[in-house]
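Paired with chain B in one complex and with chain C in the other, chain A is shared by the two complexes that follow.
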Partner chain A sequence: MKIAVCVKQVPDSETRINLAEPSAELDRSGFTRVLNPYDAYAVEEAIQIKEKLGDDTEVTAIIIGGEQVMESVKKDCLAVGCDKAIRVTDELDNAEALQIAKVLTAVVKRDGYDLVLCGKQAIDDDDSQVGIMLAELCDMAHVSVVTDLEFDGNNFTATREIEGGSEVVKGATPALFTCQKGLNEPRLPSLPNIMKAGMKPVELLTCADLGIEVPAAHTEITTYIPPAKRGECKIIENEDPAAAAQELAKLLREEAKII
Partner chain B sequence: MQKYNGVDFYSFEKTLTDEQRSIRDTVRGFVENKFMPLVRDSYRDGTFPLELSSEMGQIGLLGSSISGYNCPGLSYTDYGIICQELERGDSGLRSFASVQGSLVMWPIATFGSDEQKEKWLPALASGSAIGCFGLTEADHGSDPGSMITTATPDGDNWILNGNKMWITNATTADVAVIWARGPEGISGFLVEKRTDGFSSAPIHGKMSLRASDTGELILDNVKIPGSCQLPGAKGLKAPLACLNQARYGIAWGAIGAAAACYDHALKYAQEREQFDKPIAGFQLVQAKLVEMITEITKAQGLVYRLAQLKDAGIDDVYLTSMAKRNNVAMALDCARVARDILGAAGITDDHPIARHMANLESVYTYEGTHDIHTLIIGAEITGIPAYRG
Partner chain C sequence: MPNIAVFIEQRDGEAKKVAWQMINHARKITDASGGEVWGVFLGKDAGNNAADAGSWGAHKLFTAIDENLAGYNSELYTTAVASFCSANNPDLVLMGATAMGKDLAPRLAARMDCACVSDSIDVNFDNGFTIRRPVFAGKCYTDVNIKSNTAVVGIRPNSFNLDQPGSDSATAETFDPGIGGVTPKATVAEVKATSGGAIELTEADVIVSGGRGIKEADNYKMIEELAGVLNAGTGASRAIVDAGWVDHSHQVGQTGKTVSPNLYIACGISGAIQHLAGMSSSKCIVAINKDSNAPIFKAATYGIVADLFDVVPALKEAIQSLD
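Presenting the complex of A and B:
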C-alpha cells in the first residue's frame, strides 16, 4: 500500500504575535515553527497502518515550503517512521486552501497513492479545507475529522466526530482521511532514528516539475487586526478538583466580588 | 503557567544541528508529558517511577553515547543536551540515566569482555535490565582508594565481601558493577541480582533525591565466576574514569535544574502581584532574576566548550571538575533565590523549586564533592595535590 501524509509547518501555538495596530503584514521572523499538531495524528496513523501491514507499505510525507520546513519533516515525519518525503519548493506561504490542494493533487496523481492522510486543520489559518479539496480534485473517497480508522483489505470503516456524537462511515480505497485528536497518540522519535532521519530520501519538486503552473490566488489578505484586549486571566493550577473549586470560589468572592 | 521552553539567553542552541534540536525536543517532550505528571507523587512516596525505564530505553536515553549493541552512539554535546533536559524534570531522573549509561553501560563497554557486552548492553539500553554502580562505602567516600570491600580468588571464581553505600538504583538493579580490592589492586565485577550472599536495602529518611532509589549493597561471601570480572578494569583509575563520564552529565544536568527554577520563578514573578503590580516589576526581584540568568548562561558557556573539548578527544579530569563544581553550586544558588522569589509558596510541592533545591544538595556532594573538585583543580594549577600526604 502506498500512503501519503500531507503535512504543514505552523507557528507554535505559544508564539507571540507582535501586532499593535492593524497591518497588512505580520512579522513572522521570531516564530518558533512546529509540525501542525493535527498532522502528527496523520503521521502516527500512517505509521501504525504500515506496522500492521508490513514492509511493503510505504509512507511518504508531502510538504510545501522552504528549507526551514525540513527540521519538522526530519524530526516529526522521517524520524518517527515515514520512509521518504517530498518537498514542493515553490513560494506558497500563506496561500489559499485551493492553491495548496491543487499542488498536492499534482503530487498525489503523479504517484498514485492508495491512502492519503491529512490533519483535520492547520492551527494557523484554521481553514479545514485542504484535505477535502485534495480528495475532490483526485476524485477520491474522503472522511473528515476521523477519530477511529479500521481496514479490511481495501475496505475501510472510519468513525468521525459530529456535533454531539459520532458517525461511522464505510468505503473503499483510494481514500483520504483528515485526522482528529483522539485517533492515536503520536510517538516520540527515538534518538537513533533522529540521527538516521537525515539519510532518508527527500525529493525536491517544483510545480513546473509536476507539469502545472503555480496556482493563482482568488483572494488577498488585506489586513491583520489584533484582538481586542481581554481582561486578565488567572489560572488555578491545583490538581485536586475540590481544592481548585474552593480556590475559585474564594477568588470569585474576594477578588472578582461577584458571589 | 506556560509550558517550559528552555533557557538559552545567548542562543547556544542556534549553533546546534537540526538533529540536536530534535533530540532536545524529544527529551523535553518525554519529560513534560511522561515524567512531570508523576514526579510529585514519586517524590512524596520516595520512589523512582520505574515504569518509565522501558520508554526511556525505546527513545534511546540509556547509554546514548555508547556505540553498537543497540545504543545510539551520540556525541558528548548530544549527551549533554539530554542530561540538561532530564534534570530539568528532576535530578533523580537524570541520576537514573547517568548511572545506567555512564556508570554501568560505559564501564561494560570500555572494560568488559565481548561476552559481557553481548549479555548486558542491549538489555540495559532497552531498559529491560537496570544497573547500579558500587564504589562508595560508608567509611570511604571521597577516598575510594581506601575501600575495604575485598575480592579473593577461589579457583576459577571470586569471593566478594563488603558493603557499598549511597548506591543509586541499589534495590531495583538486575546487575551491579562492584569495585573491590583484590590481590592486584582494585578490580571491577558484574554481580547479578539474586546471587547467593548478595542483597540490598533501601536508605530511609532521605530529604533529597526522593524520586530515586538509593540504597546499600551487602556482599556476604558472594561467589561469582571469573568471567564476571571486567577484564579491562585495572586499578582505581577505572572507576574514577566512570565517574568522570557521569560528572560530565551532571555539569549539564545541573543547568536543567537551575533553568527549571529560573523559568518557574520568572513566570511566577510576572503573574504574582503585590502593591498593585507584578513583583517582576520590582528592582530587587529583577536583580535576582538577572543574576540567575547570567549565572545559567555562564554555566552553559562552560559545558558547551567542555563538550567541544570532549568531542575532540580532550578529556582531562580537571576540565570536567570545573564544570561540575561551578554548575552544581550555581544551580543550588538559583534554586534558593527562586524559592525566595516565590515566598511561602516556594516551600510547597505545588511548585518544583524546593524539590530541585533539596535534590541539588545531593548532587553537590555526589560524583566528587564540591570540595574534592576544588582540590582536583587546585592540584592541576599548583602541581601539588592537597589530598595526598
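Presenting the complex of A and C:
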C-alpha cells in the first residue's frame, strides 16, 4: 500500500497575534512554527497502518512550503517513521485551500497513492478544506473528521464526528481521510531517530516539474482585523456566595437580558 | 443584483436553524441590492419547508426529492448542489458551518472550481461580496473578497439573528439532482447518537462548562445540574477531557469545539489561550473562579471570585427562583 500524508507547518497554538488595528498585512515574523497538531494524527495513523501491513507499505509525507518547514518534516514525520518526504517549493505560503489542493492533486496523481491522510484543519487559516478538495480533484472517496479507522483489505470503515453523535462510513481505497483528535495518540520522536531522519530521502519539486501552472486564487484577503475589545469584567463583590449568585442571576436577566 | 442560494440542511427531515438564519440575512442583502434568495432542499420529502423558507425570507424553494438524498452522502449531495448551481447560477451558495456543511462545501467548491470560504460570521454585499471570518482560532479576523463568479460560503451557526417570521411562502420549484448514474464511492452505513437528547454545543444558546476546578469526575454533575435549569449544553476544558472525566465531544477550544452561544458560564476554568480560542466570541461570558488573577476574567463579562462548590449550586437555585 502506498500512503501519502499531507502536512503543514503552522504557528503554535500559544501564538499571540499583535494587531492593533485593521491592516492589509499580518506580521508573521515572530511566530514559533510547529507541525499542525491534526497532521500529527495523520502521520501516526499512517505509521500504525504500515506497522500492521508490513514493509512493502511506504509512507510519504508531502508538504508545500518554504525551506523552514523541513524542521517539522524531519522531526515530526521522518523521525517517527515516514519513509520519505516530498516538498513542493513554489511560494504558496498564504495560498487559499483550493490552490494547495490543486498542487497536491498533481503529486498524488503522479505517484498514485492508495491512501491519503490529512489533518481535519490547519490551525492558522482554520479552513478545513484542503483534504476534502484533494479527494474531489483526485476522484477519491473521502471521510472527514475521522476518529476511528479500520481496514479489511481494501475496504474501510471510518467513524466521523457529527453533532450529537457519529457517522460510520464505508467504502474502498483509494480514499482520503481527514484526521481528528481521538483517532490515535501520536508518538514522540527519539533523539537517535531525529539524527537518522536527516538521511531519509526528500524530493524537491516545483509546479513546473509536475507539469502544472501555479494555480490562481479565487479569493483575496483584503483586511486582517483584531477581535472587538470586550468591556471590563464586572466582578460581583459579595462575601456570601448565595447572595453573589442571586445578584448574577439578576444581572443576566435584567442587564444582559439573556436568561 | 445578487442571487443567493441557501442550502437547507436537514437531518431526519428536520431543517437546521442555521438555514433560516442564513435565509433571513440573505434577504436583507437582496432587499437592499436586488436579486433573490433561493432555498435549496435535498431529501426524501419536502415537508413544510416551502412555507418555512418563505416565512424567513426566501423567494423560492428549490427541492430535489429522492430516496437516495434522505440522509447525507458527500458525493451525492455534491452532485445535487452542483447540478442546481449549473442550472441556476447563484452568485453565492451559503451553508451552515456544521459537520455536514463543512464536509460538503469544499467538495462542491473543488467541483465547481470556485471560491470557498469556511466558518464565516458575516456576509456583506457592496459591488461584490465580502465575507468576514475568524482565523487563528478567533485571535484575528479577516475580510475576504470573492474573485470567482460564484462562491461557497460556510456560516457559523448563530452568527445571524432571526427576525420574526413573516407570512410569505416561497414559490416551490423542483430540480433534477443529476444523481441517476452516480454510484458513491463511500456511503454512510450508520448514524449513531452518542448522548440521547444532549444539547449540541455548536448550536446551543447557553453553555455551562467545567474545568479542573471541579476536582473530580463526579462533580461534573454539578455542571450538568446548572445546565439543566438553563436548558444549556455542557462544555469542558481540555484538562478534564484528557483526564477522562467527560467525553471529547464536550471539549471547547482550539482542539475542541468553537462555540458562540449567547451565554457561556465557565466554572473552574483558568482561561488558557487555547480554551479562549473556542469560546471568546460568546455574547456574554460568566467566569466563576477562586483565583482573581485567572485569565478567564479578562474575557468575561461578569465574574464571581469564589469557590465554585458554593457558587454553582447557589446559582442554580437563584436561576430557578427567577420568575
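The rule is short, and it goes like this: the second predicted complex is superposed on the first by the 229 of 259 C-alpha atoms of A that agree within 3 Å, B and C clash if a C-alpha of one lies under 4 Å from a C-alpha of the other, contacts with A are read in each partner's own complex, and residues count from 1 in each chain.
As a convention for this text, a residue touches a chain if its C-beta (ideal position, glycine included) is under 8 Å from a C-beta of that chain, and two chains touch if they have at least 3 such contacts.
Keep in mind that this is a model prediction, so the values were computed, not measured.
Colleague: For A:Ile235, is the partner it touches chain B (first), chain C (second), both, or none of the two (neither)?
Modeller: In the superposition, A:Ile235 contacts both chain B and chain C.
Colleague: For A:Lys75, is the partner it touches chain B (first), chain C (second), both, or none of the two (neither)?
Modeller: Only chain B is touched by A:Lys75; chain C is not.
Colleague: Touch check for A:Pro189: first (chain B), second (chain C), both, or neither?
Modeller: In the superposition, A:Pro189 touches chain B alone.
Colleague: In the superposed arrangement, which partner chain does A:Gly211 touch: chain B (first), chain C (second), both, or neither?
Modeller: A:Gly211: touches no partner chain.
Colleague: May I ask you to decide whether A:Val168 touches chain B, chain C, both, or neither, giving the answer as first, second, both or neither?
Modeller: second
Colleague: Hey, is it chain B or chain C that touches more of chain A?
Modeller: The partner that reaches more residues of chain A in the superposed model: C.
Colleague: Once the structures are superposed on A, label A:Glu14 by its partner contacts, choosing first (chain B), second (chain C), both or neither.
Modeller: Both chain B and chain C are touched by A:Glu14.
Colleague: Counting only touches as set out at the top, which of chain B and chain C does A:Gly153 meet: first, second, both, neither?
Modeller: neither
Colleague: Which positions of chain A sit in both the chain B and the chain C interface?
Modeller: 14, 234-235
Colleague: Which of the residues in chain A come into contact with chain C in the complex?
Modeller: Spelled out, the residues of chain A in touch with chain C are 11, 13-17, 19, 26, 37, 96-98, 101, 123-133, 135-137, 140-145, 157, 160-172, 175, 181-182, 217-227, 230-231, 233-236, 241-242, 244-246, 248-253, 256, 258-259.
Colleague: Please output the residues of chain A touching chain B within their complex, sorted ascending.
Modeller: Touching chain B from chain A are residues 14, 32, 70-71, 74-75, 79, 188-192, 194-195, 197-198, 234-235, 237-238.
Colleague: Tell me, which parts of chain B touch chain A in their complex?
Modeller: Those in contact with chain A are residues 1-3, 5, 18-19, 21-23, 25-26, 29-30, 58-61, 64, 72-74, 78, 82, 271, 350.
Colleague: Under the definition above, what is the set of chain C residues touching chain A in their complex?
Modeller: On the chain C side, the touching residues are 72, 74-75, 78, 98-100, 102-103, 105-107, 109-111, 113-119, 130, 132, 134-148, 151, 184-195, 198, 200, 202-203, 206, 230, 248-249, 254-255, 262-263, 273-274, 277, 280-281, 283-284, 286-287, 292, 297-307, 310-311, 314-315, 317-319, 322.
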